[in-house]
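Okay, got some structures for you below.
Across the two complexes that follow, chain A remains constant while its partner is chain B and subsequently chain C.
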Partner chain A sequence: MHMCADPSTLDGFNWWLCYLTTGKQIMFYESFLTVLALLFLTAPVVLLLGFGGAVSRRSHFAPLRWFGAAYTNVVRGVPDIIFFLFVPIAMDQGIEYIRHKIKCSDWDEPVRQGNDFVVCAAAKMPLGTSPQWVHEVYGFSLALIAFAIVFGAFAANTLYGAMQAVPRAQLETAEAFGMSERQVFWRIHVPQMWVFAMPGLTNLWMILIKASPLLFLLGVEDIVYWAKELGGAKTTRFAYPHPDWRVYYFGVLLVFYLFMTWISERVFVRINRKLSHGQATLGGLTDAEVTA
Partner chain B sequence: MSCLETLHDYGLRSIGIGERLLPKTDIDLCDQFVLIGSGLIWNFYFAFFALAFGFWLATLIAVGKASRRKIFQLPARAFIFVFRGSPLFIQFFLFYEIFVLIPKVGYDIDLGFVTITAETRWLTKAWLGATIVLILNTSAYTGEIFYGALRSIPKGDIEAADAYGMSGFRRFRRIIWPTMLRLAWPSYTNEAIFMFHATTLVFFSGFPAWRQSGDALYYASYFADKTFNPFVAYPIIALYFIAGTLSIITLFGWGNRRLNRHIPKELKTKFRFRPQLVR
Partner chain C sequence: MKKLVLAAAFAALAAGTVNAEAIRMGTEGAYPPYNFINDNGEVDGFEREVGDKLCEIAKLDCTWVTNDWDSIIPNLVSGNYDTIIAGMSITPERDEVIDFTQEYFPPDPSAYVALAGADDSVIHGVVAAQTSTIQANYVANTDATVVEYATLDDTIAAVRSGEADAVLADRGPLNDIVSESNGELVFVGDDVAIGGGVGIGVRESDAELKAKLNAAIDQMKADGSLNALIEKWFDRPGPY
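Then we have the complex of A and B:
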């Protein structure tokens, strides 16, 4: 904006108008989209991993069953933040190690040298010459995988419980109609399990929302990063000097999260009402039937 | 250096006793086990005090939310909404900034035989500030759990208490409160496990680690940075936390048995391990 050219002459309303539209402030606003992107990109992956985990826990093949049980139990017994710190760096080193083996097979030095992890330049991920956005997307993807692994374990547990909760008689009826095992699973078992999975999945979504600020620890420039960056005291050397405003910036984040959880809760109440419609549970009955 | 020496030097490093400098080169497995284990003292400290104080505050909040009087109900509801609706990580940052802004003054507290000075600058230190945030956070979650349990107390229990002529605080103390605890206990165990896990966030949010005295995760990430090898330090801390989680389950299992000792065997609810699922 034209009037923002010389901030030192501004005061009151105009100062605020200009301050809130600086390039860095815009990046702060955009980082809210990063958080939303994480939530909406992780959710389907979490469901997929959870479904896989639940199915493998019910598998007839013992090693697969053990794997499913180990995955869900280990992830849940350890604080999630440990996985958030571990998975990205472990994945990064794993990818670079494999690329190193393929692209630089003539290297004879070990990859681990004392306290260093050395791979040839061609194996670096992303390549040193790549533009900045590639680095950012790569970092974000690793974070997304870490989130998906952790929450996939919780989802696996929820879906496993939901699969167990589907009344046995429903499945037996389907079998009596001559459906194959596969048909029973996809046509009867899976459609019916969702209503039992809903409370757990609702809870999981809430936990996912509340875990999203941990993106900051993974080096992603998210809302926490910008709140710290912009909120810190700015001396008169800056165009818009101000004292330490971090408490207000974090206050804004708090309100943002309160809004997110509040709106989610309202949406889930509606979904639940839809899902339990016509089910032989207390929630599925109409008011007239309950009082009767 | 033998492992025993390492234990002597670094065993209590996290609370400032022992060798000042952290190992920088030639980090062996023993260093990692000892220092990360030393950091665990802080995790237990935070979890213990958060749960010990949070328990009482949560009871108050649950009773407040269940109260018919608006003046008790509204603050309890608002408290639960704010602390359950926002991430603990953001709460740490926000409260740290608030504690920094509070004027630095000291208050003399006369205990009769000795006078101690309570200073507000302690609030910016993790041992007090982070504990307060954890107490508030866990009371909100526990308050909601207790509130749910209060509402599912069998009507007959309360009617029986009335029939015995109990009322007011006596009825609460002897009938309502124990039944509430019994019903809430499995969920409360999960909350305790979560609180234990959440203590790892303290030194990764606003609160600084003074003289590199941090918790288990602080040292684990220190080693992962120094050796550039995440495959040793993180599995070690994972092992410690699985062990800690199992001991919490055992401890709370005793509590559960005590609370349920009058219940016929076939009606007893067994605790199922499902951490975080109730958060």
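Then we have the complex of A and C:
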């Protein structure tokens, strides 16, 4: 907007209009999308890893069982901050090391030089010449994987418990009908376990929503980073000087997080009703049957 | 034969990149007037202008990226960007981990700032400083109690809220803050000289980049453009 060209001459409504549409503010608004993208892209991967972990823990094949147990227990036991600092850097260096070995086999210097991790320019991930958005997408993807691994371990434990909670009689009946082990698992066991898993999974989702500020640890500029950056006191070096406004910016975040919680809760109630339908649990009974 | 082709390919590649070698400039973006994110969301400040000029002279194709101050050295070392240009004083401790170019800004004295009305004794009380800075190190070795914060802004907020009695930081950035605080903040005690000049941090294995930047800094010192930028951003004559 051309009227925003000289903010020092503005006051009142126009000042606010210009202030709230600066490039920096737009980045703040966009970071909400980053957080939402993280949530909605991570959740399916978490479920997949959790399901895989739970199934492997129940496997008849011992090494797979050990792997499942090791995954759920080790990852759950390691503090998140350590995990989030270590995994993305390790993944990044691992990828670059492999690319380095393939693309620059004639390189004669060591990859580790004192403190430095040096690979040839062609092995850089992303390439040094790539535009900044490629670097950001790459960083975001590493963050997504790290989140998925951590939350997947918790989900694996939840789903494992849910699988154990399905009444044995349900499975025996299926076997008596002549179903194979695979059929029993996919047609009876899995559909019935979800209702037991729901409380644990909803907890995980809520924690995932709140964990998004960990993104900044991984170099992704999330809503908390921008709230701090924009809210901090600004001198006249900036076009829009203002005192410390962090409390208002964090107020906006509070509203956002509470809204996310509220809407999630409503969705979960619906899902739960659907999953319980026709199940031999208290939740699966109709109101008439409960009172009867 | 295969080797020859490969060598030729590399030579061609190298020739192609001589004109514009891609360099990623790492900065903090929270230390005005050295570096900050302006209202368009871009890196701005003294170091932005110096960096762009150096890149132009050295024929480098530079991209600016910001990184948290606390992890700015580890991320340089692991290759996420190629330089640190973030008001970083050259110190022996840092020099063990990374390399520095020659200074592009003279040693900036550090100063204490406290709420108006405070006497000089506050510098022996609780003193706020930014994590991993020469000031944090310095306060830890005085009789004061040091509390560390992630950014300069956080240290000032701590003084305003009474969490800390005073803050110790580079005089340059504090000048702005004190002069615009409507008298709420004042300098206390004497300035202290800690640390050397400010240089660009590069990986120890990156001798070539260091040489290019040094040559470019030489040129900026010689033609007076560096002095002009210091005068523009710090309101004082440059010494070079």
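Criterion: the second predicted complex is superposed on the first by the 290 of 292 C-alpha atoms of A that agree within 3 Å, B and C clash if a C-alpha of one lies under 4 Å from a C-alpha of the other, contacts with A are read in each partner's own complex, and residues count from 1 in each chain.
Everything that follows uses one rule, which is that contacts are C-beta pairs under 8 Å (C-beta built on N, C-alpha and C of every residue); 3 or more make two chains touch, one makes a residue touch a chain.
All values reported here derive from a predicted model rather than from experimental measurement.
Q: Once the shared chain is lined up, is A:Leu254 touching chain B (first), chain C (second), both, or neither of them?
A: first
Q: Does chain B (first) or chain C (second) touch A:Phe117, or do both, or does neither?
A: Both partners.
Q: Return first, second, both or neither, reflecting whether A:Ala239 touches chain B, chain C, both chains, or no partner chain.
A: Second partner only, chain C.
Q: When the two structures are overlaid on chain A, which partner does A:Phe32 contact: first (chain B), second (chain C), both, or neither?
A: Neither partner.
Q: Quick check for you: in the superposed arrangement, does A:Asn203 touch first (chain B), second (chain C), both or neither?
A: first
Q: Does chain B (first) or chain C (second) touch A:Val224, or do both, or does neither?
A: A:Val224: touches chain B, not chain C.
Q: Applying the touch criterion given at the start, work out whether A:Thr22 contacts chain B, chain C, both or neither, answering first, second, both or neither.
A: second
Q: May I ask you to decide whether A:Ala211 touches chain B, chain C, both, or neither, giving the answer as first, second, both or neither?
A: first
Q: Per the contact definition in the header, classify A:Tyr97: touching chain B only (first), chain C only (second), both, or neither.
A: Touch status of A:Tyr97: no partner.
Q: Can you list the residues of chain A that meet both chain B and chain C?
A: Correct list for chain A: 89, 93, 115-117, 216, 228, 244, 246.
Q: Given the complex with chain B, which residues does chain A contribute to the contact?
A: Touch residues, chain A against chain B: 74, 76-82, 85-86, 89-90, 93, 112, 115-117, 154, 157-158, 200, 203-204, 206-207, 209-214, 216-217, 224, 227-228, 231, 244, 246-247, 250-251, 253-254, 257-258, 261-262.
Q: Report the residues of chain C in contact with chain A in the complex, numbered from low to high.
A: 3, 6, 22-24, 29-30, 32-33, 36-42, 45, 61, 63, 65, 67-68, 75, 77-80, 82, 97-98, 151, 153, 156-157, 160, 176-177, 180, 203-205
Q: Which of the residues in chain A end up touching chain C in this complex?
A: It comes out as residues 7, 22-24, 26-27, 89, 92-93, 96, 106, 109, 113-119, 124, 127-129, 132, 135, 216, 219, 228-229, 232-233, 235-241, 244, 246.
Q: Note which residues of chain B are touching chain A in the complex, please.
A: 25, 27, 81-82, 84-91, 93-94, 97-98, 100-101, 197-198, 200-201, 204, 217, 220-221, 224, 226-231, 234, 237-238, 241-242, 245-246, 273-279
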